[in-house]
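Pasting the structures here.
Next come two complexes, and both contain subunit A; in the first it sits with subunit B, in the second with subunit C.
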Partner chain A sequence: MTAPNTAKRTVHLGEAENTLISQLLSAGARGAADELAASGLPTRRIEAYHYTDLKALLGEVPAIAEEAGQVGPPKFRVPGAYRILVANGRIQQSTTPPNGVVVSEAGGSSLTERDDVLVMLNHGLVEKSLAIGLENSVDPIVHIDHRIAGAPAHTAGALRIEVAPGATATVLETFSGSDAAHMGNQGTRVELGDGARFTHIVVDLSALNSRHFHTIEYAVGANVQLRNLLVNSGSALSRTQMFGVFAGEGAHGDFSGLNLVDDGQHNDITLDVNHAVPNTTSQELFKSVVRNRAKAIFQGRIVVSPKAQKTDAKMMMQGLMLSEGAQILSKPELEIFADDVQCGHGSTCGELDAQSMFYMMSRGIAREDAKAMLIRAFVQELLDPIEDEELSEALSGVVEEWLSRPAKSPAI
Partner chain B sequence: MPAIKETVEHVEELEVEKYKYGFKSDIESEVAPKGLNEDIVRYISAKKDEPKWMLDWRLEAFRRWQTMTEPTWARVHYPKIDFQDLHYYAAPKSMSAPKSLDEVDPELLETYKKLGIPLKEQEILAGVEGARVAVDAVFDSVSVVTTFKEELAKAGVIFCPISEAIRDHPELVKKYLASVVPVSDNFYATMNSAVFTDGSFVYVPEGVRCPMELSTYFRINEPNTGQFERTLIIAEKGSYVSYLEGCTAPMRDENQLHAAVVELIAHDDAEIKYSTVQNWYPGDKNGKGGIYNFVTKRGDCRGKNSKISWTQVETGSAITWKYPSCILRGDGSRGEFYSIAVSNGYQQVDSGTKMIHLGKDTSSLIIAKGIAAGKSDNTYRGLVSAHAKASGARNFTQCDSLLIGDACGAHTVPYIESRNATAVFEHEATTSKISDDQLFYCQQRGLSDEEAVALIVNGFVREVLQNLPMEFMVESQKLIAISLEGSVG
Partner chain C sequence: MSTPMLEIRNLHVRVEDKTILKGVDLVVPKGEVHAIMGRNGSGKSTLSYAIAGRDGYEITDGDILLDGQSIVEMEADERASAGLFLAFQYPIEIPGVATMTFLKAAMNAQRKSRGEEEMKTPEFMKAVRAAAGDLSIETDMLKRALNVGFSGGEKKRAEVLQMALLAPKMCILDETDSGLDIDALKVVSQGVNHLRAPKRSMLVITHYQRLLNHIVPDRVHVFSDGRIVKSGGKELALELEAEGYSAFDEAAA
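The block that comes next holds the complex of A and B.
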């Protein structure tokens, strides 16, 4: 009589895992190396990576980045912003910070340890993280310009943003680099003091053959107004995972994101919002536009803790598919333990509305122009809340650049 | 909110005593020794007088099962099941194929009466148009009696216990068994394949509209037995059948296991409507006992323009793990899923559906209503997917959860996978308590708190109840009332 086999299967480690293990070991992170050796990279059997099977998708891991040489001009520029250039994980240049901004460095990763391979790698590989203190209301946008320069390189970086109680600020993080198969693993932790008003814009413009991973944490204090916007148009493989925790009453968070995905790209946005205290609200709006053979993934979870009465959370995911071979995979989740709440989510996907197309074409607008207009209208809802005009224009530029990329497979 | 408070109090008051099906019939029965091994599989097969091919099929399934592990992904928690500590076969002794109801053990009939199956009345009603239901009752593991066989036979419909079908219609069973749920589909389906004891078999020939609703009652009576029934329904081209299963189990301290497999096959233009009313024993107020309901149900819309519709009212079981699904293979086929899942006490429900769009112009509709009360957890888990070739696929999903009390949880885990640009998927989910505005509106018009809550909850589940066959709508309303006594009028 044999009982069903419950023994754990031994993990077969691939080349990528072995490279990562040796990189962790040379960084002195034995614990992380052992853990990775025991579990391997997550496969689709790990729920959080259900649609992004890192083991199958990661590919070759390049060597740890050396000191960067010459870096080119920024791909994304907002006039008047205070820019800090971080190349290959090291602060490269920065001018005197504006009033209220304190720039410093701290040891190790800024992220909270959690059961996640990207966070574990970040902890194992980051030696020094950048810390930005926003001590009172800061007028110019603070732009952290992350680059990977030169030959294919693996960089791990971390940033801590601390917003003082009552302060108002906008931080922009952009990711770009040379045209090589890089791998970037960034961590950002944002701590928001009570009553802070904070806008966080993250733009990924990495080379189309690179891999980009970004973990963002938000610790939200009481009466905070948080707005975040993610715009992805780069990378062959990317995953941006956000963990927001509402720890003070009266706070509101707007989480939003735009995945612009084209041939061969696989872009994953994963969001976890935890309403841990009563009287907090959040609104989540994520959109994907997919063209050619590409994949856009959105996983969003809203958790309402037992004590978090009067939570109001609404999550919306909308996908637009422009051609054969496009895929939109989404998993909006609700996990509710309190009864006096209003929570909901919606998810839609489909192609451009045939009636709207017909309407415009019947009025003499060419098919391609009509399509572009509808796509612009679809994404505009995300850009509208951005108050800074220069920033809003720069973000529109990302959409325009994506629209103007040459079409590959026939549209439908 | 006084009404809510009252509701919660009523819900708390609802204890085991109120489990109206919590009686045990003392009928002599024949039980296989505890444990699961090849000998037990052979024993069951021998008891059923099965041909060799069936035994081989079971043994093959058993061997596969031994290599499998229990799934752990569902949001349910329970102590590890000792699969060797269960009886896998129990049969009421007195019932070697009764010729008519008169030959049936009176106590058994009494059991049916308590269950509310009006077998005798059915006979009287037989001549009445539209009020006829054919019942195939599965008591523990054996089908007791099948009514209306004759009339069904006249229409060419085969409705019999699956054990009989294995003997009398082996070509159909061989062709369709495990063609929708493969033997090694999942841990519990594989186990079921090895040890299934009975269940229903329905075959509706081409162009036939089944003249009456078919119905099966399952009941677990013997302690520590698992009920592993297997149902297979085949609707040939252009046919229609509506099938209802009801389940009850007497009150027991220990957890009983129920792992069924249901397979539906709809050919061109055929329609199958499958309704379930499930009120297995949910356990007592401390979460002790109750049924573990681990069920695999799947329908295959194999033909063009075929349709499969699942309706379920889930009020019982300590743990429910159940995802009635549709594979929309034929072009233009349609899948529907209507569900009410009510959980109270320490019940855990993880249920939902899968709509897999493979053919062109397929459509699906999902309406799921979850009501969580007490300390229960109620999860909707669903998949809607469009294959790359499923152009024109269409889905609409609506999942609503209602929370009563602050110690329960309601969760929604949908997977929406579109691999075709012309597929249009819409999903919406909401979670809330009964809103103060709604209550105020009703009260303002002269309804008491109690009536207002009843009205709102009834309205909340109405869309689903409407899809049940007429005969069972009333019963379901009663069941929901029992499960959530105080909140439903």
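The block that comes next holds the complex of A and C.
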């Protein structure tokens, strides 16, 4: 716990920080600019960024995105979904929304302000956010197709999803773009009315040389059933941070994620779940598959407030390392202030099981195919709960694409 | 004399710096069933793994020929496609891999590597149903993940099912009788006997003589401390049962 003495200490600012500061100033966010100038980007000394030292890793910050030209077909498509295309932070295309879906725009970021550089940048840079109101149960999946198009660009965007009490809906957010060293900073706030049943799927397929940051907030009402699934297979550097707060009794949340990480990638999933009221339950399941010299990070914290009796929370992290240079870092934390609770966490990390490999090969299945079958099996547990077949198939497609990427020899 | 189905010459195998097989010589002619008997820890499973090509089973000397062709440089999957099958003493549970998916992948992988056409789903389903029926395997069991939650007996029957579907020319059965009650033993033995054919050979590894009442071997080999120490006809199994393995340890020394 090193609280930096921001008042007096002078921080050396690098090129990335200076670019960000001037971008904040151009956007009229003087407060944020001053704050960034005073503290700089977080380094590994800041606990929340210990594994993702933004100062060291961020690299060059591209210019703020201009309006995008015409963009190509989606990389991730669910037939039958209602799709809203957001290119370089602006709605580019949407058709008449299905019954119960209200699309509008609001000023500024949708995120709650908090002491976090990504949130601060989002607040400073987002002019208008997209708001999706789900006023009753919506059958088609609502797909927000985020793109960054053209030359390397820095895009900040925000989304507010409001789900009416008792409504059932699924929102899919995908991130992709042109093959350039983009930087995206997205904020998503999800407000779940009492008794809502909500599924939130987030897929990052950004170009392998881009930087992707996403902050997600869940405000969970009473008796809500929430399921989230995060699938990362893109980006050179990514951090998805989720903050969930249980504010009404009787709710359950399933938080899950899959990091598919290959040579040179650094993907960070950070989760903070706060059981603030009694009688809520959550289950957290996060898996990483890492190949070649790459890094997958999972930080998960579950906080149980003093009055949150009868909380039941189980967090599990599982890692599969496919190469010597692969790194999986996980930090599960429980902070429990109530006494009548059931909470636990576990973390396992290993390689493909040699016995299983031999068994499969002894039946004629070639080594690479046997590996792929075992990786699919490892991942399947996360996809099984997805009831929509077309969505589930599209998610399997992401896994297949990752499996079929040409093998690189690990960089030494 | 025609080429034997399996020929093992002076096989020495090391596992993690420990030499376990110390000069195995064995010839199994086409169409014959041979039994290997030996006490626990004598190296029988090691022999089966070395033949099947498990990683880490280093052959330091000798050779293994399948139908006249050396297989020691081949990967396990290539040996399988060349016609070798090992029924495991302890079949591996693989959560998340559906039994049917696995069976189909295995059959088609072997067909592909032999340049044959892939099997279509209806044809595959028909073959599985027929083979499962012969072994009293409930189709419900095949809907589960591979070997997961199977009882000991179900696992062994599933091994013989795979053997029937893959139609290998050389079958190695490692203690297929262990963990089976007498009824299951009969079903499994019938399944195995059903597969006996002039162009198929078998090596039946067992600890107890009782299996050999059901699968009657052409020859019996006694295994001790990583070697075959005595070979004979099927009556050798009875002799072994009567006198115990220790009588044969002398022969090894």
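Here is the rule we use: the second predicted complex is superposed on the first by the 400 of 412 C-alpha atoms of A that agree within 3 Å, B and C clash if a C-alpha of one lies under 4 Å from a C-alpha of the other, contacts with A are read in each partner's own complex, and residues count from 1 in each chain.
In this text, a contact is a pair of C-beta atoms (placed from the backbone, for glycine too) under 8 Å apart; a residue touches a chain by one contact, two chains touch by 3 or more.
In this text the structure is predicted, and so the values were computed from the model without any measurement.
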Overlay on subunit A: subunit C relative to subunit B, clash or fit: fit
Partner chain in contact with A:Ala326 - subunit B first, subunit C second, else both or neither: first
Degrees between the directions from subunit A toward subunit B and toward subunit C, using C-alpha centres, nearest 10: 80
Touching partner for A:Thr348 - first (subunit B), second (subunit C), both, neither: first
Subunit A residues touched - subunit C or subunit B, whichever exceeds: B
First (subunit B), second (subunit C), both or neither touched by A:Asp340: first
Touched partner set for A:Gln309, first subunit B, second subunit C, both or neither: first
Minimal inter-chain CA distance - subunit C and subunit B, angstrom: 13
Interface residues, subunit A side, partner subunit B - complex: 1-6, 47, 50, 306, 309, 319, 321-351, 412
Contact footprint of subunit C on subunit A as seen in their complex: 354-367, 369-370, 373-374, 376-378, 380-381
Parts of subunit C lying in touch with subunit A, wherever the complex brings them together: 49, 52-56, 75-77, 79-81, 85-86, 88, 91-92, 94-97, 101-102, 105-107, 109-110, 113, 145, 162, 166
Of subunit B, residues touching subunit A in the complex: 35, 37, 65-70, 73, 83-84, 187, 388, 401, 403-433
